[in-house]
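Dropping the structure in here first, questions after.
Order as written gives the chain letters A, B, C and D; numbering starts at 1 within each chain.
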Amino acid sequence: MIGTPEQYRDRMKALKPKAFVGGEEIQNLLTDPNTRPILNTVAKTYELACDPRFQDVMTVESPLTGERVSRLNHVAGSIQDLERRLELTRLMTQSTGTCCGRCGGCSGLNTLAATTYAMKRDGKGEYHGRFMDFVKWVHQNDLACSAATTSPKGDRSKSPKEQDPDLHLRVVAKRKDGIVLRGAKAHQTSAIGVDEMIVYPSVFGPGEEAYAVACAVPNSSEGLTYFLQFNSDDAERRAADDISVLGNPLYGGRPTMLVVYEDVFVPWERVFMCGEVEYTKVSANAARRTHVYNEGPCKAGFGDLILGASVFLAESNGLDKEPHIVEDLVKIVAANETTYASAVVAAQRGSEIPAGSGVFFADEAFSVLSKLNANDGFFEVVKAAADIAGGLLITMPSERELGNPESRALLLKYLQGRSDVPTEERMRMFKFLNNYVASPHAAQAWTGGGAPYHLRMALYNCTDLEEKKELAAAIAFAAGSP
Amino acid sequence: MIGTPEQYRDRMKALKPKAFVGGEEIQNLLTDPNTRPILNTVAKTYELACDPRFQDVMTVESPLTGERVSRLNHVAGSIQDLERRLELTRLMTQSTGTCCGRCGGCSGLNTLAATTYAMKRDGKGEYHGRFMDFVKWVHQNDLACSAATTSPKGDRSKSPKEQDPDLHLRVVAKRKDGIVLRGAKAHQTSAIGVDEMIVYPSVFGPGEEAYAVACAVPNSSEGLTYFLQFNSDDAERRAADDISVLGNPLYGGRPTMLVVYEDVFVPWERVFMCGEVEYTKVSANAARRTHVYNEGPCKAGFGDLILGASVFLAESNGLDKEPHIVEDLVKIVAANETTYASAVVAAQRGSEIPAGSGVFFADEAFSVLSKLNANDGFFEVVKAAADIAGGLLITMPSERELGNPESRALLLKYLQGRSDVPTEERMRMFKFLNNYVASPHAAQAWTGGGAPYHLRMALYNCTDLEEKKELAAAIAFAAGSP
Amino acid sequence: MIGTPEQYRDRMKALKPKAFVGGEEIQNLLTDPNTRPILNTVAKTYELACDPRFQDVMTVESPLTGERVSRLNHVAGSIQDLERRLELTRLMTQSTGTCCGRCGGCSGLNTLAATTYAMKRDGKGEYHGRFMDFVKWVHQNDLACSAATTSPKGDRSKSPKEQDPDLHLRVVAKRKDGIVLRGAKAHQTSAIGVDEMIVYPSVFGPGEEAYAVACAVPNSSEGLTYFLQFNSDDAERRAADDISVLGNPLYGGRPTMLVVYEDVFVPWERVFMCGEVEYTKVSANAARRTHVYNEGPCKAGFGDLILGASVFLAESNGLDKEPHIVEDLVKIVAANETTYASAVVAAQRGSEIPAGSGVFFADEAFSVLSKLNANDGFFEVVKAAADIAGGLLITMPSERELGNPESRALLLKYLQGRSDVPTEERMRMFKFLNNYVASPHAAQAWTGGGAPYHLRMALYNCTDLEEKKELAAAIAFAAGSP
Amino acid sequence: MIGTPEQYRDRMKALKPKAFVGGEEIQNLLTDPNTRPILNTVAKTYELACDPRFQDVMTVESPLTGERVSRLNHVAGSIQDLERRLELTRLMTQSTGTCCGRCGGCSGLNTLAATTYAMKRDGKGEYHGRFMDFVKWVHQNDLACSAATTSPKGDRSKSPKEQDPDLHLRVVAKRKDGIVLRGAKAHQTSAIGVDEMIVYPSVFGPGEEAYAVACAVPNSSEGLTYFLQFNSDDAERRAADDISVLGNPLYGGRPTMLVVYEDVFVPWERVFMCGEVEYTKVSANAARRTHVYNEGPCKAGFGDLILGASVFLAESNGLDKEPHIVEDLVKIVAANETTYASAVVAAQRGSEIPAGSGVFFADEAFSVLSKLNANDGFFEVVKAAADIAGGLLITMPSERELGNPESRALLLKYLQGRSDVPTEERMRMFKFLNNYVASPHAAQAWTGGGAPYHLRMALYNCTDLEEKKELAAAIAFAAGSP
């Protein structure tokens, strides 16, 4: 089924998480200033899924229930599914200007579908059946999911066992009815605004079995504590009495949190890996393939908004036809579409992995490339947008000043641009653009979704260097051995 | 039909062009040092077309003859055709390390198929019928074609009429049986090594009817004079008594020439536009779309060879596992596949233009993007390869020294690398890589295939800036007007 | 004389400006959350000037009073003065992590010293004498000055007269005792925290005499209204009950404001230009030369702090010896010192302009170059720092959570890094670095201090292209004319 | 004394080296096509030294003889000497368009002056006295010197002893009257065109004493064999009957060679290190400091020529006022002066090393930075120049065609540009620019003068990261510990 925003909000209303932001405990997910935009954004995924215009992009027929379900809960079964997911990602970013919150969950579902299949194929446990039952239940209830991937890790030069063992999420007890988890997951986007968190491990080896754990944990389970990120824009929002003057009023910035597990119980029917370290590499690779290729469309969606705001401001500055401004606009377009193109090819060259699983993943090389191009590209976009907008991008007074009639008169006079653009709209657009180019966005794009170094090494590892050597040798040595 | 390399060489043997290179007149296309690699490369297109392994890539069933013909003479009729052409381009570059010489001809055929269709649709002349007859004849004989696009233009700040009128190729007489052309076409790749030159105009306006001319001119027609480019590597080749010591022994560098038309007669059945200035924009746009998206695969193919040679040399230097060398290799891969990805998307998003014509063109934005990324990317590739190879890339003595036994002993001793790599092969590979990264290649990649400025403006013009503004406004103004 | 921080604060205490920030009126400059860091930073200039360790850098003997005065009020009289100013700039940025607030004032004093000298030389008015009297008075009282340069300008495609005439600051009345100003100045750094604002014009032509006005206006003069910028970090600070958790606790971000002039009276003894449009180009050029070369050291100073924080975090992550992290650190160093080097050369190649004036200005080409390199360099620094720090740079919870003992225990456990680095310090350093790389800093560096396009054109205009042509021709034509 | 070009040529005439180029033995240094430009360039150093206009730059009073001598043989004794050397380097590159050939020799003299001083200070042998006698003799006869630095090294993953021991130049015998050398030095610029080769080692450790050898070896000594590099432009020159059509007719490209030592005897009075491995690090550091800071001015000099040629061609294309062409010109200027600026600062911050030696070296960090900026900068210059010049840069026919009257008429007609620029000059300038941007120059700039990776690590090693950490901590922790 396709749920409605209202159904989603009702579920969230019932939750009582232990959660903190800016030093305060969150009392109500629906009204807390910092969780509200998370819920707005997740609700938007339901709203667009209900919108007939976007049915093909946002929904898909579930092979498990036979009904249409959100594509964000779909395990990709074809190249077309991979392609549609990119469209969904860009649409969501364009529609909210922030992270839709369920993208990671979708990646988690695809990761575990493949990983549990591989275990089943090899005769390891009942994980796959359990997992598919879980997915079916998610489909039947159109639940929102997020991913819980990265443990805090502490000192990176030390292995999990050489330091506080809880710095990597681990199983501290196996009981008859389930397992008990201790540790934490960091950088979790929107976890507090979804129904289920899909937990899966990074790569571990023999002796580290306790860390090889995958499962589903309901949001606000007992033993969980959430600490929300608190960048300046989060602080600004928390303090604001009127959200209309914020950069992205309804949807805010990209919200992440540290989720601490203090002996959280997970019943066996929600456990999808428990100790099989030899499959952690399978899940890590699957996670990279299913997730990273979304980074391009995601950043291209932000770039679309930055481009739109830049054009607006170039026009209102009276400079939109200046050659150097036009060149700046071209730079934004080029960066957006370059990263998008790699993602499209990644999807198009996707394949079923493991063979027989029915799960489709994007091509690894083009996935990684999309993300790497997104990283540098976003900074090029920021530079071009700053160049176009000029100083007011940073130096503009608060729109709150407009509430004072005397101040309003002065600001509407002195911040005016081209006469046919209302100055209030111009101020609004400066603040909106500021939200992307004078904010955590670019650095977040850089650090999120996988460390660039590891992505570069992934690209290296999936290149057939021997084949290239042979191509070169065939021509270099063409006229006989030297 | 699919011709053989032998048939092609026989046709070339019969030609007696008036042609000059390095101050000397060319006597025999098959044996002249500077035309021989051109013929080798074009012959390679026939060789691979005859190779069953490459049948799908290199050949296609002609809708005009019902037989398989070279894809290089095919008018694209589907998305798949656009995609296959990219594969062909990369395969050819990988297989020869230079320009295959027929790519421009293929672009010319597609350009004129669309342009003459548009004229037919609008009731302009018999051009389309004539042109399709010509294509059928090309298919029946599997002829090689090149494109003749760019007139010399002289002073770019002046229009054709403000300076020597011959600086743009023009019709100086219309006779009962045909037209007479005067002027020149510059930068023509491989023109002297093909059967037919496909002539088409750049953009002209009212009053410039004489310049709006498209037609097919047989290679070596009376009145034509060819002046071949003469870079240092062309000079090196001309002087060499043994091609095995050259950078790319069999296929050489990318060969271009200035072709001067001194009152060349073209019969009406080979004239496909004559004065219809309003269609020059149609043909220019078609040319950009059909041609530019090939630049990515072409440069990626060169990049594959550079990557292969770099890996070879990194290994023979004993440095292939060094982290900074690995990072360099990743840079090459990233540049190659980034430009390739845009081209693939350009093909995938192709469409029939004009509607009803049956002719498919790649998406303009992604085409242009592919070329722009190829431009900068090639220089990144060059930098990384130079970094990997080190000083001998430039400072290596000639392999000719190996002919002297005493010198040979010294060089094999002092130029050795890792013990399992024969020093002769190492020297060979340094020279091969030198041919790409210490040569005209990068600058040629930059200047060929369309001026970057015009490509950037094309990207600007095909971006819907209003749509982006609306996306930004929808979110910025989401909480009510400010 | 050299004033003390206390004397400065006493003067500020006496001011009652009409000023707004975040929709609220400022009541007390010393205690308002958003003006307090401005005063802290300006006070730091006095503190360091009183510190014997920095005497040579921070102070200089005044040729007007014979006493040592702040170098920030000094009219450069030698190459050494130009060099020392750079050291001062980098020292101030390193010491406060933000804009010292008086740099623009120093530039204004130098600009008007040269401009009024040129007018005196040409027999224009009594401006120079008045101005030097003003400088002497500034020296005698060690006052802090800021610069008021840029009018809002409205629609940039329109001249001042084609739109609301007040969009460029102008003289609306000349009275016996002085002039009356109306309009505004935008992007004014720290104006509310200094004693005097040095007003000077951009370039105007005949018919625009009312806009050609330079003068000194005391902070908080009647008729002035200040609207402070309000970025997210300004909002965060305004809402904070404890500044110790802010990114830069004492000194904050770089503070700018829009200053509106509603018929502000300026007595003739403080008017240094009034209608002499032919000297506006002189002052604009002088302003560029005296100011822009400071941008390099300023950004290098920020870069030093980013480098320091990055090293700290790399170590606490246990990754500081990883090759890719070392490469990132090198990128930061290279960007910092590249921009600094150009500034040093700009100073070193300075000269007296106009001849006989005794006023020294940095070389224009290297000044501009320093700023252009700072622009791109700062973004490279940001990328490298984000790469080094990793995800917590953005996703870290507020340090306010540490106030709750239970939360504190969890965070100190789960955010720990290398065991010898206290987790509180680690959190502190993440927030500190966040303040530079996930903030307005990079975009502000880009847009501040002169539009990049105009700087590029200045570099073009001060290059002797004819000389370069001759150099090329001498070698190209060396073997006789072709 | 200051020698004349004639005296220099006379000395060269007397030499009978065993040398090969392009597979042929060199018979006469003065007339061989590939050595002649080397001699022209070295002769130019004498010519300019005799020119009163350049006396301060090209010559200096020798502290050893009291007479003026070439600055290229001078051991820098002051900051001013360091600065003047940069001017000399840029002047030489601007004047010849290639490597002056004596720059490395100058670096070698400075390197050994410091190194032998350090040994003397520590009571090691008579090297310093011998070396200063040698320098005095060089001054008295105004000899030209080159440097012999880099051994071939073979497999870089192996130490000298793990492979053929001759792959690093070594002492194979110590005799009463001197030592015997076996091995080779690679990448030696202009060695065959100077009087003396200054040999010094890279870094070696205990057990590698045989490799720790510094000495002076007369050009063409018995046992030496020279193998000259053979790039395409070297081949073009070798084959040319008329040098006036070459890219840089008189001075050619940057000439290097492999010099093989087959048991070459060096008398003790020319031996300046023999086995003192602990000083090889001293000499390597000195070499980097004295040499690398010249790379910036050297490449800026090339950049000046490229800029001049680009302006010429932009004008003759009628495009020099187009905004995108102007931006390209600015890019060239910016790249040139950015690398130059770092070198100037490196000189300005030079110091005496070791203390008491009287030998001045440039600052290491800014030296390295200059080179790193030169590397990337040269490629930016190449891209901009290619963009400006357009396709003829690569596709132009040989100027040899002008010798045929009929061809001449056609080419002068069809290659014409703006009417006031003679087409012959235009063709000449295209070839001249081709010589820099479609040639080995950029890759040679990249690989020459020190591997970029080692330079980056040098920059890392000479940065005080602890100091930066303290700066950051002082501000981050300013409001009390968190």
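By definition in this document, a residue touches a chain if its C-beta (ideal position, glycine included) is under 8 Å from a C-beta of that chain, and two chains touch if they have at least 3 such contacts.
Just so it is clear, the structure is predicted and the values come from calculations on it, not from any experiment.
Undergrad: Looking at chain pairs A-C and A-D, which one is connected by more C-beta pairs in contact?
TA: Between A-C and A-D, the larger count of C-beta pairs in contact belongs to A-C.
Undergrad: Through what angle, to the nearest 5 degrees, does subunit C rotate to match subunit D on its C-alpha atoms?
TA: To map subunit C onto subunit D, rotate by about 180 degrees.
Undergrad: On a CA-centroid basis, which chain has its centre farthest from subunit C's?
TA: The most remote chain is B.
Undergrad: Between subunit A and subunit B, what's the gap in Å when you average each chain's C-alpha atoms?
TA: 41
Undergrad: As a quick test, compute the distance in whole Å between the mean CA positions of subunit A and subunit C.
TA: Their C-alpha centroids are separated by 37 Å.
Undergrad: Please compute the C-alpha centroid of subunit A, do the same for subunit D, then give the distance between them in whole Å.
TA: Taking the mean C-alpha position of each chain, the two centres sit 51 Å apart.
Undergrad: For subunit C, what residues touch not just one other chain but two or more?
TA: Residues 324, 327 of subunit C each touch two or more of the other chains.
Undergrad: Flag every residue of subunit B that touches subunit D in the complex, lowest number first.
TA: Per the stated touch rule, the residues are 20-24, 150, 152, 154-158, 163-164, 166-167, 183-184, 186-187, 225, 227-233, 235-236, 238-240, 247, 256-258, 260, 262, 316-319, 324, 375-376, 379, 382-383, 386-387, 389-398, 400-401, 403-404, 407, 410-411, 413-419, 434, 437-440, 442-444, 446-448, 451-453.
Undergrad: Subunit C touches which residues of subunit D in the complex?
TA: Touching subunit C: residues 94-97, 243-246, 248-251, 304-309, 311-312, 326-327, 329-330, 333-334, 337-338, 340-342, 344-345, 348, 365-366, 369-370, 372-373, 399, 402, 424-425, 427-429, 431-432, 456-457, 459-460, 463, 465, 467-482 of subunit D.
Undergrad: Across the complex, what residues on subunit C touch subunit B?
TA: Residues 323-324, 327 of subunit C touch subunit B in their complex.
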